[in-house]
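Each of the two complexes below includes chain A, the first together with chain B, the second together with chain C.
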Partner chain A sequence: MTLLLRRTASQRVQKAPSIDSFYPFWFYIPAGVVYGLMFLVPTFASFYFSLTHWTLFDQRFIGLDNFREFFAEPFLLRGLINTFIFGFTTSAGKVALGMMLAVLLTSNIYLRSLLRSVIFFPVLVSTIGIGITFTVLMEPHQGVINTALQYMGIQGPRWLTSPSLAIYSVALVEIWRGVGLATLILIAGLVSIPTDYYEAARLDGANAWQQFWRITVPLSRPAVATVITLSLIDGLRTFDLVWAMTRGGPGFSSDVLASVIYKQYQAGFYGLSTAGNVTLFLVIAVVALPIVAYLNREES
Partner chain B sequence: MYGTRKLVVSVLAYAGAALFFLVPFAFVALTAMKSRQEASLLQLSWPSEIHLIENLIQVIQVRDFMIVRAFFNSAFITVFSVTLIVIFSAMVGFVLNRRKTSWNKMIGFLVLSGLMIPPAIVPTIWLLQELGIFRTLHSMVLIQVAYNISFGIILYRAFFSTIPRELDEAAIMDGAGPVSLFFKVMLPLLKPVTVTNIVVLSVVIFNDFVHPLYYLPGDQNVTIQLTLYNFQSMYNTSYNLLFTNILVITIPMLIVFLFFNRQIVSGMTSGAIKG
Partner chain C sequence: MKTTKSYRPLVSILALMMAGSAMANDVRLDLLTDNSPNSLAAANALVNAYMEENPGVRIEVEVRPGGSEGDNIVRSRLATGSMSDLFFYNSGSLLQALNPSRTLVDLSNEPFMDNVLPSFQSVVEANGGIYGVPAEAGMGGGILYNRDIYAELGLEVPTTWDQFMDNNTVIAEAGYAPVIGTFRDTWTSQLFVLADYFNVMQEDPDFHAEFTAGNRTFAESTPALRSFERMQSVHEAGYFNTNYDSAGYEDGLRMLVEGEGAHYPMLTFAISAIVETFGDQVDNVGFFAQPGDSPDANGLTVWMPGSLYINQDSSHIDEAKDFLAFVASTRGCEVIIDEIGASGPFLIEGCGLPDDVPQPVADMLVYFEDPERNAPALEFLSPVKGPSLEQITVEIGSGIRDARSGAELYDRDVRRQARQLGLDGWN
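Moving on to the complex of A and B:
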């Protein structure tokens, strides 16, 4: 009897891995090798390199000096501050505008899907192309935007040449570029809200405004969390648009961490550039991740 | 009453969309048709003479047909990296979905890290130099695979949970091994999500500017996004050519979008939500 039991037990032990053997671990290897070599190795190496003074000519360990420089040098610190400005304004803008567009595009209008496509298309266009186009549109004297504003009697600002405005102008273009994706994610959230809720609210005499704030906003929270997650991480890492539109200028007034990394790399300060990289990593790990985790916990 | 309101809201929505979303594209197309002097006025206006063909020829010929080389290089990188990502990430998604082990959590963490963590630029260049493959198209393919594989894994893993396990069991009964189970039985079933993956990844990799800027410096290995960057300084006064170049690299995206609208939207929104 014990023998029999032991035999079925051992059979079971053998049988479980035999099904699993059709899902072999070596399927992980091709992906793992490329990812490990090209992504993980440099990431771990960056923690060491960020602690070195490293130029074309020499490399030596200097501890946290690069990071100290980051917080002491105004042009490096500006990049860090602008990274936050850019990440947060673009996220907020995409959520707010995307929500308005999502409500509009789920309401009863003609040719909704055409309009959705028009708004989404910029997501697919070369970011550099968009950057160059808007740089020309935002030209302060003859540019299309300021000319149009002049017709309305408004003196248009110096969008990209004013040091205090440049980073916000670039953020505005990023919102324009990314709002289509945000809108589509929010639409997916809105259509999953049961229509009974709205009917019940109408019966109770709630107006459209109340329905929006009491039903639409709370129940589309998962979609909002997704949009914030995506735009925050994209926004903090952004490089293309800043580089195409201002090169971080005027001066270094619109630099972000990613453009600082590039400039320091080009100048041959490899250690400092890597420290910028690690700083960006920390910004995402310490600032963005808790926000993302908080939003996603609330959702369930 | 209700009908008029629908009409008014629709007209307003279209006017707004045209103003904000079509004017920039119209500006690109119109400027690409203009002569150099007319383009330099930066106006949104109909060109007095159409110079589109001359501009196109000039953009193609400039710097010894650089844009043609760039198209070839970008196509090479896109085709090979997308092929590798599709196969590798489907394999990972398959095992990740079917086999529950204590590794899954760790692998899920690595996948998310791949989406969130900014790549370490200088150490990567250092590594490529140590391996002797810096400035090669092949190294760019490997880098694109490493940077984008997480997206593929997320889509595939989700899709595998919709394929019943009974199918695996039936195939195993019929004598399929792990390799034929995956390549002959599973891979054909993945077609919808594979199309989504191919389209979205192609767009992302074709449009990538930052990584070729770092890892493929120099004229020989120029990619399509960098032609624009190189021309930007060169065409400082030739806005017509600059915008012709923008038009040339935007049109492939427009064509892809017209044909794969549905896949792109579903891929970008669902990948996003699960990410």
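Moving on to the complex of A and C:
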């Protein structure tokens, strides 16, 4: 896919003058207007507002003061660390669990297509709904999870109200929520691997483990790369699940960058929170671009 | 057959025109309120009573969420010119963020403002204008307690913090939760700090002025720091219920009424919620002001009610003013008492309360009788209020952070808010 796109891109560079003649100018206008109004204007407006003291009623240009204030935010570091913890654990979890499920669901099992749909269901449910449901399930004293653990003689932890555990509990729920999509992409990757390889490997006496590591994993690399990229970006800019489950709490212990920014917005610090969003955008770009580049490198 | 058919569009156009002209006689106003049961019930009752007396006016009640989500809706609707004609919103520090002189209608020259008590006018004032009329009764912040537990254990209402902690010891030994914490709804965790302001003022009467000017901080002021230390001492003594971390506001009310817990630090608006859910059981509940150091200086921290404002861009300002005149009359408070009961003193001239108020309301009114025994909360004396207080008090109440570091963190939070408001002296 990427290969195909690149080829057309290089063709375009060579034939730049003639491409315009494919369509008349007016043909581009609708898309251009939508793109300009919906994407270009807000993006540049947010760059501008991040440099202002903005109360919605009026704004005053203050240079980089918002960024200075944003980086002095007491819980920025905590939020940044949590953002990375959340992004990387959910991404790793989705790939690992998704791969196991994908292998299971591409094998010759009973009710395969039903099971494939079931694993995808959480993706279709509203994140806020999932958050509220799991907040109830993870309630430390009467919640279903800890009550069940109690029957097994285990004293369940304070999933969402322990400052050291809260962010991991939310990450766990995010893995459950997003693993369906990861599995789906990985299944598509697995079924595109020609069965000849497996037949040949079996003839050579490879066991299941060797087949998995030597054939399945390397040949599903594009799918894995897609899953890592999508889930990492999703994880780094995550907000809704954290907000629905802990609101960054207890205290500030499960704050992520996006919830720090949202709380500034709630407090009416509009310029400051815009500066935070510009920062978040840059952080995601800086983290995600090299990873995407690395993962796609061997493809081309 | 054919003719009937061809007449049909004409008939419906005529019908539409008639409906349109009927509607044109009615002036239509919109009123935006928050979704708390109290505000919504009060708004609907006021609107219905007013429309009955003024058949030419139709007022539609529109609902928004409360809390900071609601703050943003109000600010953005005002800023984008899409605000309803009338809206209900906080008085005090939150009003200042609405830029009242540019967005709201100044009511200072309206005759009906003479009915509004001066103590309320001062919390809806900005740059010399006065912008709102009180749409609810006044409230107190303090401690709701279970009277059955007090009777059973032979306890007396404490007038000092030490007595309060002694009572807690007795309550804990009897197997009840001495203090109810409901930190899932983080806002409920702030009361020990906010309701302590009467006590702060006893030792430092100018705290609010110096605080607003940026000369006093919580961490460096002994009485203000003590408010945070009180929260810490309750945590350290282990007086909170075991599920303080995951319980919410409604759980707290239930635990209080049913006697699982003895004390619930709360605003008295909770009394209406208790009446609504538990009916007569409200009389098991009593109220006292948060005690301080001396029994001689024992008084209540008072919260001013929210207010009704008129949007400057409204095309029916005169009709909206007429509605506010109704709200600011004795008729207005009668309607509110009929609908949600008497929950506190009204800030409208001549508005009395019935004799049979619920027990906790009666307990609170005692403090209002003597002007020496009540003082406004800090948020009605200063526009500065840090947005992170509720997270900080959750941390102190859960033992994640101690009082001093909490107060220092809150001072940073306050400094940031003051700078964002552009106040003098905060750089």
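Remarks
One rule holds for everything that comes next: the second predicted complex is superposed on the first by the 257 of 300 C-alpha atoms of A that agree within 3 Å, B and C clash if a C-alpha of one lies under 4 Å from a C-alpha of the other, contacts with A are read in each partner's own complex, and residues count from 1 in each chain.
The rule is simple: contacts are C-beta pairs under 8 Å (C-beta built on N, C-alpha and C of every residue); 3 or more make two chains touch, one makes a residue touch a chain.
Note that this is a predicted model, so its numbers are computed, not measured.
In the superposed model, A:Lys263 lies in contact with chain C only, and not with chain B.
Shared-chain residue A:Asp240: touches chain B; no touch with chain C. When the two structures are aligned on the shared chain, A:Glu139 is found in touch with chain B and with chain C. Applying the stated contact rule after C-alpha superposition, one finds that A:Pro250 touches chain C and leaves chain B untouched. Of the two partner chains placed around the shared chain by superposition, chain B is the only one that A:Pro24 touches, whereas chain C remains out of contact.
Comparing chain B with chain C, more residues of chain A are touched by B. When both complexes are overlaid on chain A, the residue A:Gln210 reaches neither chain B nor chain C.
Look at A:Gln59: by the touch rule set out above, it reaches neither chain B nor chain C.
Comparing the two interfaces of chain A, the one with chain B and the one with chain C have residues 139, 142, 265 in common.
Within the complex formed with chain A, the residues of chain B that make contact are 6-7, 9-10, 13-14, 17, 20-24, 27-28, 31, 41-44, 84, 87-89, 91-92, 94-95, 98-99, 103, 107, 110, 114-124, 126-127, 142-143, 145-147, 149, 153, 168, 172, 177-178, 181-182, 203, 207, 209-210, 213-214, 225, 228-229, 232, 239, 242-243, 246, 249-250, 253-254, 256-257, 261, 264-265, 268-269, 272-273, 275.
Put simply, chain A touches chain C in their complex at residues 53, 55-58, 69, 74, 139-142, 158, 160-161, 163, 247-253, 263, 265-269, 272.
Residue ranges on chain A touching chain B, taken from their complex, read 19-25, 27-28, 30-31, 34-35, 37-43, 45-46, 49, 54, 104, 107-111, 115, 117-130, 132-134, 136-137, 139, 142-144, 147, 176, 181, 184-185, 188, 222-223, 226, 229-230, 233, 237, 239-240, 244, 258, 261-262, 265, 270, 273-274, 277-278, 280-281, 284-285, 288-289. Contact residues on chain C toward chain A in their complex (touch as defined above): 68-69, 71-72, 75-76, 78-79, 97, 99, 102-103, 183, 186, 242-243, 245-246, 387-388, 391-392, 394-395, 398, 400-401, 409, 412, 416-417, 419-420, 422.
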